[in-house]
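Data first, discussion second: the structure below is written as structure tokens.
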Amino acid sequence: MSGPPLTWYLILSAVLFALGVAGFLFRKSVITIFMSIELMLNAVNLSFVAFSYQLKQVSGHIFAFFVMVVAAAEAAVGLAIILTVFKNRETLNVDQVNSMKY
Amino acid sequence: MNFFLLSILKAAVVAFVLLTTLAYLQWVERKVIAHIQVRMGPYRVGPHGLLQPLADVIKLITKEDLIPPHVNKFVYLMAPFLAVTMALISISVIPFGSEIHVFGTSTWMQLTDLNIGLLFILAVSSMGVYGIALAGWASNNKYSLLGGLRSSAQMISYELPLSIAIASPLLLVNTLSLREIVQAQTGSILHWNILRWPAPQIVSFLVFLIAGFAETNRVPFDLPEAENELVAGFHTEYSSMKFAAFFMAEYANMVTVSCMTAILFLGGWQPLFSPAWGSNYVPTLIFVVAGLIAISHGLNPARKFDRITLPITGVVFLLVGALFLVPAVQEALIPLFWFAAKVGAILFLYIWIRGTLPRFRYDQLMRFAWKVLFPIALANLLVTGLVVALQ
Amino acid sequence: MHQLWLIPALPFAGFLINGILGRRFSKAAVNTIAVGSVALSFVWALKTILSLGEDRIFEHYFNWIVAGGFQVGCDFAVDRLTAVMLLVVTGVGSLIHVYSIGYMAHEGGYYRFFAYLNLFMFFMLTLVLAANYLVLFVGWEGVGLCSYLLIGFWFHKKSATNAGNKAFIVNRIGDFGFSLAMLLIVVNFGTLDFGVVFHVVPSKPEAVLTTIAMLLLVGACGKSAQFPLYVWLPDAMEGPTPVSALIHAATMVTAGVYMVARSFPIYLHAPSALEMVAYIGLFTAAFAATIGLAQNDIKKVFAYSTVSQLGYMFLGVGTGAFSAGIYHLMTHAFFKALLFLGAGSVIHALSGEQDMRNMGGLRKKIPWTFWTLMMAAIAISGVPPFAGFFSKDAILVAAYQHAPWMYWVGTITAGLTAFYVFRAMFLTFFGEYRGHEHPHESPAVMTLPLAALAVLSVVGGFIKIPVWLEKFFPAAEGPENFSLVAISVAAGLIGIGIAYFMYIVKPGVADSISSSLGGLYRLVYNKYFVDEIYDAAVVKPLVSGSRVVLWRGMDAGLIDGAVNGVGSTSQGLGGWLKLFQSGNIRSYATWVLFGAIILLLTLGLIGGVR
Amino acid sequence: MDVILFLVFAIAAVVCAVNVVVQTHPISSAISLIGVMASLAVLYLLLGAEFLAMAQIIVYAGAVMVLFVFVIMLLNAGSEAKRGRSLTAQLLGFPLLIVFLALASYFIQRFYPGNTPVLFGTFKGGTAQMIGRALFTQYLLPFEVTSVLILIAIVGAVVLARKEL
């Protein structure tokens, strides 16, 4: 019985990451963009776990674990920011949230 | 026997028993509440309303399957499906009893044992919230939406004390496998986690039970479906089988939480005291006594309705009691009896409380979770950790 | 344990209390704390010394610097040399503190003055108690700092702040030498601890020892105002008079002598350096004495006298008579402090007048001051049995042993000293009053310290320091030579006589002599134009070099140019780059992606991560 | 068996991820993202990371995404506007993405030639026990720092979500 090569996992990770980037680039809703970031983080986690498998070490899992924890913290703060922005501007479109311009 | 065949067989048996249990659980609930309120409860369909669940099922299936306009169809249809799936999935890792030998093969009375079984149940139950939240959102109805919001906030909040309450007994048993958790509690009631030396988990048990009530949206925490405020909460717009699915999910969740309580704190299928002291005869004793009581009531000429059914029930009970004495099936039946007895007791507690307590106000509910349960659970975890570390 | 740390810690506590909270205290509270802390310190020092035998007391508190095998501890030690210094510093210091209560009574920044004085005491005691060169250096720098603060105490006076700066900067030159000496010691000995260093001195080559000793001498010259680094001391008289007495006469300026005496094992193995000490001391003594002849400011006269007397101490140390040097250090502390305090009392009586030409006839008006000051004048002139006689005599005898011509120069200097001191006395206290203020005697809080110091000036010579230090230093003194003693005493008496003749008997003679000498007089009056020579040779080139090369060239041209260039370049670049700053998150993300791709490409092109 | 499982869940993940990007309604994106996460959890299991798989479900799907759904419901976010203004993203984005993907695949192929087959059950290092041991010994400091980070995040979120801001 043979399994899929590790490369497949890495390619899958790259594809998911690229999809996350695409979501970030082409979507306008802040929430969706935020979700795209989570997608990218997940893609990177997958590659961490895959490398961990290849190296037969637990470190990759720890990394992925920390990424998860940080993502959770980030989500809490990020969503609070989104709430505040929505409260002040009544919009979720990033193109209209651009007061940080030159 | 073939692994796949065995698994399918076990799954079929479990599914059949579980679904029947769920259906009759509702009957039990109605009966118990009726008796708490000093009335009869379902009585018309079959003797003592015993066929009532069947009638309910038929009614629900044949009702018009209504999809309101302006709903997000995909999510609307997915929500009840998700809810019931997630509720039923967790049963798969729950051990009902010890190892049995049938026709030359030995197997566990459990669909499968994961070495992270507990995490699996937590994961699945944390997914369960989507069913309610999405149902509330997809219905395109403000009551449903409020119900959905309430339920997601409530379930996230109560998941914390729940998880922390679980962590304390884990420190005592040192494993995440549900089977091993039960095995670690072998012995008498003094070896169960709730009373186990050096750190009895009574506090943890209570926190878990309360948070479990909240997780299953049961009284007194049934805010997501508070009738007097939200019509029917998240399932206002659901009818027919989709409604039944939510209903089933709620009861399945109750069963799951009860099983978890039994496994984590009450020693799972372990008997109340050691078989050396005759615990194997307890089921027989109980059934015989129950059968005799039923027969004596049935022979009472005042009870006209039960002249036939009660003696029959009594005889069946006597037979079941006798069955527990047959060595061939004893190995399987006695652990099952203990497990069922514990789960049944907790389920009865659920119904009892529903018939007794009023509902919380929403802000009280959240404050209770964060300012009372959470600190208590945390303090208990710290104390337990300290005691275990110092041991 | 003798708890040596208490000795400096007490004044330091006084400094902290007065420095931080003194502004809110009454004057009584401030001076109780200040005087009390120093007096307690004196008592503790006395207690320590009474229990001192032949061996030294050593206390290690903690490791200050540990770097590899090299380590410096925070160590204090007391031996017989330290004991002398301790008593001089705390004893004279206490008296001057008491005196200051009266002298500073009407000055602003009262608490600040006493806080500084206490801080000075702390550093001076640290210096004296130090058991290694680094701790000594801490005290050394600390007293320099306090000297600077106190010279510039009247900071609204431009001349005072200038004098403070001058003292600080000139001292830096000396400290530079000291630092180099310390580095050399670390390199060659691997430690800075006195005990260890002095123990292994004999095994080191003479050239190294001579270099170290010379560099130490540079430091000592700076601190003890020896030629050519003496110029700061006369200017330092801008500070309040108690400061002049305490720091610039009795204690701090003797630190150089103390340090050379402390390092005597090094000097004994570097004879040429020791010879240099003697030459510098002798030259400074004579040189400063001649300047003192023509000064009209009473404090300046005593300042040059201090320089001259310090020269004597160097002479004593340099001729191998270490104990004689220390002996003179102690007696000098008594009578010179008294001279300054007396001068301060005179100045106080005349409400700030310092020019002797505006004084005269004060003998009757301020008798306490006059009589005490007279004791000091006799003592410094070397008239037996006053304190100065014994110590100066010891030095001169040692000088004769070393080289007879040194003795003769020293003796002539002694005569000059007697002359100018009595010139000052006669100009101030005799003849007719030439000023305009109404003199008044100082309060008891000032005259009592004067009296105490007068007693010490009279009998201080009987505290036989050479006997006390007999086993500490190698014996250098030869047998008592009565004729040498008689000659030096005679020189002093002749000096007094000439002064009496010129300023009492025939007051016109002095002016006619000065006018007949003409150029020579102007040369002396203007202190040999040393300040002007330094100004022209060192300061001016340095200032103009700094202005042209460092300021205009380096700073304005190169550094500012570079900085401004960077600024304007980035401004221009920013003007272009700001177009990227569209405020649109998605375009930012695009550029991030672009950067990531560039990064990947680069990684691939340079061969990747393997 | 492993190949089939991988393919099923990989395809599910990719389909869901595409759905995340193309759906116009945030809640559809959110549900799709949950799908991606669940599929990834299964892939983690295949890679022997059983603890991580469960953590993925509990933390990501069970907590983070619930927050997302909660916020979407709270703000009642509708479908987004059709046209945006970012020319840069529109013009450069797609070609850059293609280049990025191509480069990434190229490097993966070059540095990790596909000779390591992934078999379920060959790597036993991902148990809760192993993770816990590593976390509380070798990675104790990062772990504690992370808890401080979470504390800060809690405070930040509370401050941000106050009414008066």
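Just so it is clear, A, B, C and D label the chains in written order, and each chain counts residues from 1 on its own.
Rule of thumb we're sticking to: a residue touches a chain if its C-beta (ideal position, glycine included) is under 8 Å from a C-beta of that chain, and two chains touch if they have at least 3 such contacts.
Keep in mind that what you see is a predicted model, and the values were worked out from it rather than measured.
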{"item": "Which of A-C and A-D has more C-beta contact pairs", "value": "A-D"}
{"item": "Distance from subunit D to subunit A - Cα centre to Cα centre, in angstrom", "value": "5"}
{"item": "Whole-Å gap between the CA centroids of subunit C and subunit D", "value": "74"}
{"item": "Averaged-CA centre spacing for the pair subunit B and subunit A, given as whole angstrom", "value": "37"}
{"item": "Residues of subunit B engaged with two or more neighbouring chains", "value": "none"}
{"item": "Residues of subunit C touching at least two other chains", "value": "582, 584, 586, 589-590, 593"}
{"item": "Multi-partner residues of subunit A (at least 2 other chains)", "value": "21, 25-26, 28, 94-95"}
{"item": "Chain-to-chain touches, reported pairwise for every pair that qualifies", "value": "A-C, A-D, B-D, C-D"}
{"item": "Partner subunit A, residues of subunit D touching it in the complex", "value": "1-3, 6-7, 10, 13-14, 17-18, 20-21, 26, 29-30, 33, 36-37, 40, 43-44, 46-49, 51-52, 55-56, 59-60, 63-64, 67-68, 71-72, 74-75, 77, 80-81, 84-86, 89-90, 93, 97, 100-101, 104-105, 108-109, 112-120, 123, 125-126, 130-131, 134-135, 139, 142, 146, 149-150, 152-154, 156-158, 160-161, 165"}
{"item": "Partner subunit A, residues of subunit C touching it in the complex", "value": "578-579, 581-586, 589-590, 593"}
{"item": "Contacting residues of subunit D [partner subunit C, same complex]", "value": "84-89, 92-93, 96-97, 99-100, 103-104, 106-107, 110-111"}
{"item": "In the complex with subunit D, residue positions of subunit C that touch it", "value": "582, 584, 586-587, 589-591, 593-594, 596-597, 600-601, 603-604, 608-610"}
{"item": "List of subunit D residues in touch with subunit B within their complex", "value": "25, 27-28, 31, 34, 41, 50-51, 54-55, 57-58, 61-63, 66-67, 69-70, 72-74, 127-128"}
